[in-house]
């Protein structure tokens, strides 16, 4: 897939609570091909302390309206600057970057997409793609409390949604790995979220011999495989999260699980 | 005079042609005392390549409305960022900084304020102060062409205005030092503008034995006399433009004139 | 209501961590000081902050004789920093003793004189004169000024040179002797050890990195001296690394500086091994920054439950 | 209309200045190349730019054997720059020869292999293997990697060490030999002279400055190796100064790098004495930056009426 550097125009900036927001970019021309699990490298100018681009997952692609959606959490100067983007602002991005989630085999029908916090971002695009391909994805979404759950309406359009919150304010109380849905048969898990969550999910998957793909968020400089900064240790040595990933089969990774 | 660090709120940003603009800052409380010739150090955040504060002359102080005016020319990233300030933006400044023009003696009645380009900035405040004190200042303003002449209406309220433009599009054609007003008797000159212009004015003043004060615009780091970066060579050694200046009697300076 | 608020402030004060540090024989009420050449003799800052709130002030570089310094331009802005080539402009030690010292000696903070020179004799003579001043508890020997031909950097870039000048000054100066090291060297830790061996009570680092800036349009250097000293946040990673290397190598306390803009930066230097810090270029951006750094360090220690600044000195978790 | 446009482009091209430069025996169509470790082997950038537009590519550091590099995290952002601690991850020279070289040898630009090592024997063995490759006109000997214990920096920080390794490689390698110098030294000009004396055809500088970053909240270093190499605009003033010092000291051409983000930065390096430049970290911000720098240099030379890039090399107006 050919990568490109695109100047995209902000068409919406929707605040989702205190710390998250959804950016939409719209253009006249069709968007380049993008796959679920891929990400973009956003160039951020004029934010204090921001020098490098910022990697953000593709949250959704609307091919009819040529819309690209990014779901972002404010954690530092870069994402704070992004939260201030206004309709009409131009933002340069490199895209599409990275590999993608792999499509399930015909035989795999019970698919669970497990997301925590802003890690749900790539799962919306993956869910919609799965549904388009005739699968019936299920979503298990975790947050600290009800306020941290985002895009529930969108997820509900794509499949069943299960919820955990740490404080019990919505869904089952506890961590995603404690949800009762995990007691039912599952053929494949896709997960993205905080590393401890993904490790717990991967541990569960390994224990139950379920295929599991995780999407990593290592720190990046180039995002295109040139600098070797973003590596993760795998069974076959260091691999670049920006090109060999961000999606890895959990068995490939050298996680202490 | 006590210096302070003030967060001031932009109340107007008026574009004066392609490259100049006028910023007004208004506050409820009375402004600190400021004298003509003094300047402020503006803190500029989130502009690429800007690290230090930017010195800008006090263009005018409206004590009735508690307004501070700055007249600024866009020359680089810092002044460009300032040109984008919007009403309601907060800008931190150190003020008042530097010495000031000295008031003429009783015996000096024919006062000429000679400004070139954005160097007219401190002359408006000086002119208004002179007028308040009962003097009748005259202004000789130079620019490359008519478009470069600014705040003419304000100057005209304060006294007679003489003009030169290099292309002859307004006033007399040529440099300020070629204007016919200089043939008439003058008791004191105050000047601010590009260094070659000020040097020519100082040379003229010396030749005619007219008292002449020039306002320098050396590069500054601190603006408060701490770093010794902004020095100019004088008859008595290096002096700081930010504290011993920006206004110097032209005879004090070691200019090759 | 007022009474309540007061009580809660009182309470807050009592749980504040102990910020006092000791360098040589000098007690500092807190580890935040201002760097030589960026803070004058303090008087330029009194309108903006209370000098009594910070641990100390390192004065402008002072030499045996009056110096005019380098020609203008002496400053150039660079990405996240600046170059300076002031060249030790100062009125000489006698002027300091007669005209500046009387004005500053009652400040409620430690005043340390930064001593520069071109020859060992100059350093010694200057140090001797300061030794006689009651209210100056320490000097900072600047063997690292990159901006004058004989600015001491020739001493500061070799172990032998550094040792020689420190040895001579140590004999002449009986109070706390801090030696300011140059970062423009291959092995700063050895130089630190060399000056420790000669009796320095502390080392401060880093002085500026030697740099250069050019105006592409005019093809001219931006400094009259072509090269100058780089400071500001751009140098922080280098400064932090050197402080870490030196703190591991010596037993005397290390004073860390280079690019500190806020309390977080300062804490990084403590974790790397600094016992105190200096704030330089940041004073130009915010003349009250040093007091804000003191407050921020307090807040950090409280939030993390530390009772003393010493709990984080060298406490990098590796 | 189309025809007209084409004609005007043609016309514009004919008045363009001559950008060709020569380093050792290698002709470069223009003086803009990309820096080792920041541009892979070029293939990562083909979607964003035409490799044929730039003068050359310095490849990833290559060692005699496969290396896994350092553990993650290997990167930290810093004010106007970044630290890296990749640690020479690469698949070894044999893999390069068998699997990478065949893919890249037809690129319409010069490919120079950056050779790293821990021992003189390794350097020599690697250089010998590259000597046999027709389409590799030069190597860049990296005696300055700060990120691995035996990354050559031990060679690069002393004249004797640098001379020794260059002497050995010079015997084994007959084509153009470029030596990449470390900025973490007291006197870079002497080291440049030492390698010139041993037959280096050119020196490139600077490699990264050794730095460090700490997360104040977790108290942990931000790099698995604690220290790493600083690059980006923050180092430009230091790089420019060193290029200027080295260009005055040696007769061989100097390749300048360190913080170049645009054509103006590049021109500053030419004025300071560089015959060619490398672009490193800037590629991460804009993967097409190197081509824009070529265009910007052309525009500058035209605007100032220079007919050749050589008109501005070392042309600082003092």
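In order of appearance the chains are A, B, C and D, and numbering begins at 1 in each one.
Please note the rule applied: contacts are C-beta pairs under 8 Å (C-beta built on N, C-alpha and C of every residue); 3 or more make two chains touch, one makes a residue touch a chain.
Remember, predicted model here, so these are calculated numbers, not experimental data.
Novice: Taking a step as a move to a touching chain, how many steps at least join chain C to chain D?
Specialist: The distance in steps between these two chains is 1.
Novice: Using mean Cα positions as chain centres, tell me which chain lies farthest from chain C.
Specialist: Result for max centroid distance from chain C is chain A.
Novice: Could you please state the distance in Å, as a whole number, between where the Cα atoms of chain A are centred and where those of chain B are centred?
Specialist: 55
Novice: Where the centres are mean C-alpha positions, what is the separation of chain B from chain C, in Å?
Specialist: The answer is 36 Å.
Novice: Could you please state the distance in Å, as a whole number, between where the Cα atoms of chain B are centred and where those of chain D are centred?
Specialist: So the centroids are 47 Å from each other.
Novice: Where in chain D do residues touch two or more of the other chains?
Specialist: 78-81, 232
Novice: Indicate which of the five shapes (line, ring, star, complete, other) describes how the chains touch one another.
Specialist: The chain contacts form a single closed ring, each chain touching exactly two others.
Novice: Taking the top-of-page definition of touch, could you list the pairs of chains it picks out?
Specialist: A-B, A-D, B-C, C-D
Novice: Inside the complex, what are the residues of chain B that reach chain C?
Specialist: Answer in residue numbers: 2-5, 43, 49-53, 94, 218-233, 237-238, 243.
Novice: Show me the residue ranges of chain B that touch chain A in the complex, using the header's touch definition.
Specialist: Going by the criterion above, the answer is residues 45-48.
Novice: Would you mind writing out the residues of chain D in touch with chain A in their complex?
Specialist: My answer: residues 37-40, 44-45, 47-48, 60, 68-69, 71-82, 84, 86, 89, 232, 281, 283-288.
Novice: Which residues of chain C touch chain D once you look at their complex with the stated criterion?
Specialist: Against chain D, chain C makes touches at 78-81, 83, 157-158, 184-187, 209-214, 216, 218-221, 226-227, 230, 232-238, 240-241, 244, 259, 264, 267-268, 271-272, 300, 312, 315-318.
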